[in-house]
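What follows are several structures.
Next come two complexes built around chain A: one with chain B, the other with chain C.
So, the complex of A and B:
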């Protein structure tokens, strides 16, 4: 008997569920079974700081006092990391169902939206990316990829793999390095792939979890239309958040494409990959399980299989791994709340995480989510660990070992 | 519409029961009665408030006599409840009991409808169908099957032990089959038992010894049942007996061989001590083991591995000649009439909840491991010494590990709160450590249980109401584990540093419960425990006649409940044995030899293996005693050569036609 498959996630959560009609949906009736055990608060990375952790929210819901929860900003701390959901003994989909509904009300009543978050959401709507970069530059990185990358609106022939690159890999300098590495690895493995280029817009996952229903739906509908224009066998994305959105949300709009995150996708090529991992390395590496890919979709072994395939690399584990991972702090809008948290004097989760990573004695912190690279690199710098440890996407490490 | 066949003389009596307002509230019983009286062949139709009452029964009997009735139809509740009652009435009235048919006006009509008019019309259809079918009923006789007085008990935990002694004391012969080298089960591993803190060995050992010395008990350890044939009263059981490599009759239990073994130090991880201690290749699981006979483990014994051991054990055993490396596995077959399953439980595998760190952090233990640590006969002689040789100053106990959790087991394991309290008391008594019990709800529903909780609280145990969310080494690096939980009564998240964690793991079905279930033709409930026939009214019976359940194989429970259930199972077996026979319903199927083509279609379909093929005649044959009257073969026979009593083709067609005919 293996470990329990933790977390009872609704797939996809009902789209028209609300705090008023909870009892009409199975997911909502689950909420009523809460035994007030406090596992959610105990495991929540910000549980100590929340005035209303999930347990108390349910208590207040039962007591008819939710209004008090709405007027506290406590839930802004929720980074949508699925930790509470994964461990809830009643199988309540807190992160997927209840908390976004409450967060929506909290945001509506905030006297002032945190500026950074406000800007990111507006940018997503206006430019299709949270940074506010020009949509026309989305595919600019391709020119320096070093290998040919087909863009579908220029060459719309059918393709095997539609690679959904996502914002951070398209625009951030460190993200672009990952994108280039991915393109090279795909190319070297002979994968027939193409991207949407400037037609692509943010999949919108964080928009939904920081609850901007209108924005989220606009992005969903837009991306579904664009995807519908082309013929492909499979969507591969490097962003666990996009993966999460497609897998758990877009299904409500009848998204039924075959879908893979880059890491499990590459694991399918392990046999072809292994003989090409020629360069011997000598680092010790530890892997950070991302919340969306790990906890929410149970992808735990594939990243480790790839890392172990790199000759010479030694894989060590952090104290909190797999289902027990600690969020980098970027989820649920947390990516754009750093200033807000800092003003409140909270410890940044990325710093908590890299402390654990450094404690393993590893030299490389491997990740599989574009959010994490910048967060962890920044945290290492702040804590003065930048000489001890570097952050790399697994695909970057593969590209390096393949010498492509 | 063809007229139904007439069955000759006399008539049919129809009795419509009101069942208080259960039926009469929704169905117009007067209209039904009037209607029934008009049906062809009906001599009398009446309704009555409670047909099953004594006056109701008398009414039917009197009519049979006075009106010379030949058939009886009662339209009342479910046949499950009162078919037997009215068959007896029919019989006491002087007719064959199977000249009767029951209409289920309650469950099939009044309880499931609200429209009175439609329900009354449906009642008419049902009665018409019954009247047409009952005319064709044939007289049938119940068969008696004798009950072999010997009993098989599988599993020698406290449940099996108690049931065995009860039956043996009543003069019945018991075969007790245990797969370990000793009886005693889990209880033998405990130091004290809640809520009274009786010493487990002191109350269990006398019962174990009594089993061994009882003239009416045949005890087979290291044995398992491999095959179950036959039927209630006449089971044929095959038992595989593994070799012990020590002759039970010759060994006197002096244990000199253990001292003499060429292994000077015990090196083999000891199962009975949850691998916390070591034993030698020749060993006895614990000092009070029954039988008091050593056993050799072939995996670690040098003689078995290389054939080149000095065999110092044999030397010291000398002319007792108890050690026998040549012993072979044996197969025994026995005849028994009834069976009690008492195969117990297995504890939840704590590695399935990775965030509790079991198997990762050495000082995380399961409750069962701590039972051995606190046991004076255990690996540390009762001292609590951690895997890193420290003595704990702070200990955290986690309730509900692998219970009440959608991710593992949904049910409550019923004993963990109580044994967590017991362990809190014992740890405190032995180490004076600070003890923290993390619980969700404290469940102490038993005699003396709440009082025990009270006592443990007075002793200073800390109670934190919150489910532990995470356990990990304190990053401060002082060797502590941090236990992280929300103290829900305080509304704060707490991180308690401890030296030792105890996981109170829940009770699960044995890993081979499904195999055992199939072997004994039982059912399991959703979570995998053996299913009782009725959760309230037949808690130790199963759906297989003559097989009973006792103890934790039926579901988690404590020792008092286990013993009570074992007594009940023994009493159920005794009840069958003492009558000496059981009557079988005559609904059996028969093969019409002239028609049977010998195609064998039916043979593999019978769920009770009641059909065999007679080579000489090239025909199928049904064993009446094994046949349960399920009708599978009847429906499957391509040549229509199987008929079933009370469900003959004509009877069924007549009933269907009656149902469909418009009044």
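So, the complex of A and C:
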């Protein structure tokens, strides 16, 4: 596998690329170099359920029969996990380039859009978050943060770190606990940070927002305008999907801010962190590599460094780790397709992942993506493992060990 | 087939509703307006009928905040024409609103006659459910409300509609066209329209503004709002504690003490 990509793409896919003009772009021409080996289908977590896995799609594309692919809903199973992309021996960016374009056409031809997904997309447009919560309550969690959290539209002075909190950390109760933990850790480390508060809207998710290009562009244009109002040195986000969006998509609108995900950002503070991790713990922890942060952006070691810095904790690995991680099932719109998958009788990927986590004998499943908390906590409950294992964001574990 | 859909904006309950200082209306400072859900079903039913029998769909709405978004969305979904009745203050009650709609339908050239006028069976602002009956009365057309299915015999000019009643009872009715129908639910959930299509509609299509024909109440009598208040919060939620047996005993005692057993 010497030629396989290990997740890093130096250039974002061109914004104007379409199925019609694929051959005009190097990324598109690369698709046509496929050797039909089928590694993509084999590595896809839902590959066996797809009528048209990536290999067959490319075959149909070459045969001029893509229209047939559009009439099958099998590509709704694509969770944009970058597994096929990472393993492709020809280095074809399937998840970034080809699959979203095909998925868009599949979606447009569906006789009926899955209701859960439709609501999430409509909510993102109208309220800036998939849950349909009031945009005026986005920063409500700040009141219970326990430490001061500056909101830029109230106090627009320049700041070092603009922390892009994102939807699940702003609204979902377990996400809010992570937001509070993050604020406390930043505060304890003396980070000069501020948030956009109610001005923030969903960054637009990874990979062209689950096929909704117009919605993606609307959110992207909005957030770029808001970011442009303030002065800061660095954007830090707790959401790997926002990180993915900023890093690989917003560049089309000349996003050139310095960007970090919370975990690599905190790793820079490791020397300052270590003496503060006072509380000795006795748990065994396993870490789930998120697709966007791990496989797509090669952030593998930083989360493990932070976990190993917690005194007393023992880190164990799942069978599938780093580039081989298994998606939690939330990407590519999967977050809002659970009912759809369930109705079709498919196994939930979060359940597959949690079984593997429990098999390590760990007490704690550590994550770095806000989607994963609800997905894995639900999966643990469904499988009856809720007494065996708990799910914690790495920042929550740090805050606990720092006793902040 | 020519179909007109009447669409109304209602308060979006994603924000908590607050009363204005005079206690007679909602505080509009943070209030957002959204298309009435039942009217969205009326639009969907109209689009399904258009797909089945061909024809045109015209959406008519009273002016209100965010109504342009709702109308462009309707155009992007497949409506052929969008009309906005201006001079409205967006706070008309059902009666005055129905009068204004009926007057506009009659006064704008080319709108009537239409085969079907569809609107939501009710709206969350007052739950009156009177728009369809009032408009039909003012236009002198037959009306059926709480409709969940429509099929049309275009040569005979007759529609067969399914109406819903409480307790799971449904009735099939025949009505001669033109008619006004109050839609409870479309045969399919309102469709998703990609945002790119809405953005394209905003660039390539236009909303036609028409001034309101006459004064708001038109003599049918505005109902003045004397007072508006939030539902009263009552106290008492007694939490019972103990084993299931103890809780069951306590529950029986409480019910017996209130003469409910």
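By our rule, the second predicted complex is superposed on the first by the 392 of 404 C-alpha atoms of A that agree within 3 Å, B and C clash if a C-alpha of one lies under 4 Å from a C-alpha of the other, contacts with A are read in each partner's own complex, and residues count from 1 in each chain.
The rule we apply is simple: a residue touches a chain if its C-beta (ideal position, glycine included) is under 8 Å from a C-beta of that chain, and two chains touch if they have at least 3 such contacts.
Just so it is clear, the structure is predicted and the values come from calculations on it, not from any experiment.
Asks: Applying the document's definition of touch, where does A:323 land relative to chain B and chain C: first, second, both, or neither?
Replies: Only chain B; A:323 stays clear of chain C.
Asks: After the superposition on A, what does A:112 contact: first (chain B), second (chain C), both or neither?
Replies: Only chain C is touched by A:112; chain B is not.
Asks: One more residue to check, A:134. First (chain B), second (chain C), both or neither?
Replies: A:134 contacts chain C only, not chain B.
Asks: When the two structures are laid over each other on chain A, which of chain B and chain C touches more residues of chain A?
Replies: B
Asks: Kindly classify A:14 by the partners it touches after superposition: chain B alone (first), chain C alone (second), both, or neither?
Replies: So A:14 meets neither chain B nor chain C here.
Asks: Could you say whether A:87 touches chain B, chain C, both of them, or neither, answering first, second, both or neither?
Replies: first
Asks: According to the stated criteria, A:215 is in contact with first (chain B), second (chain C), both, or neither; which is it?
Replies: A:215 sits against chain C, while chain B stays out of touch.
Asks: Under the contact definition given at the top, report the residues of chain A touching chain B in one complex and chain C in the other.
Replies: Comparing the two interfaces on chain A, one with chain B and one with chain C, no residues are shared.
Asks: Tell me, which parts of chain A touch chain C in their complex?
Replies: Touch residues, chain A against chain C: 108, 112-113, 115, 118, 121-122, 125-127, 132-134, 136, 212-215, 217-218.
Asks: Per the contact definition, I'd like the list of chain A residues that touch chain B in the complex.
Replies: Interface residues on the chain A side: 1-8, 35-43, 47-48, 53, 55-56, 87-91, 319-320, 322-324, 355-356, 359.
Asks: Which stretch or stretches of chain B touch chain A in the complex?
Replies: Chain B reaches chain A through residues 349, 351-355, 400, 404-408, 440-441, 465-470, 472-473, 475, 484-488, 491-493.
Asks: Can you list the residues on chain C that touch chain A in the complex?
Replies: Touching chain A: residues 14-16, 30, 34, 188-189, 191-192, 194-199 of chain C.
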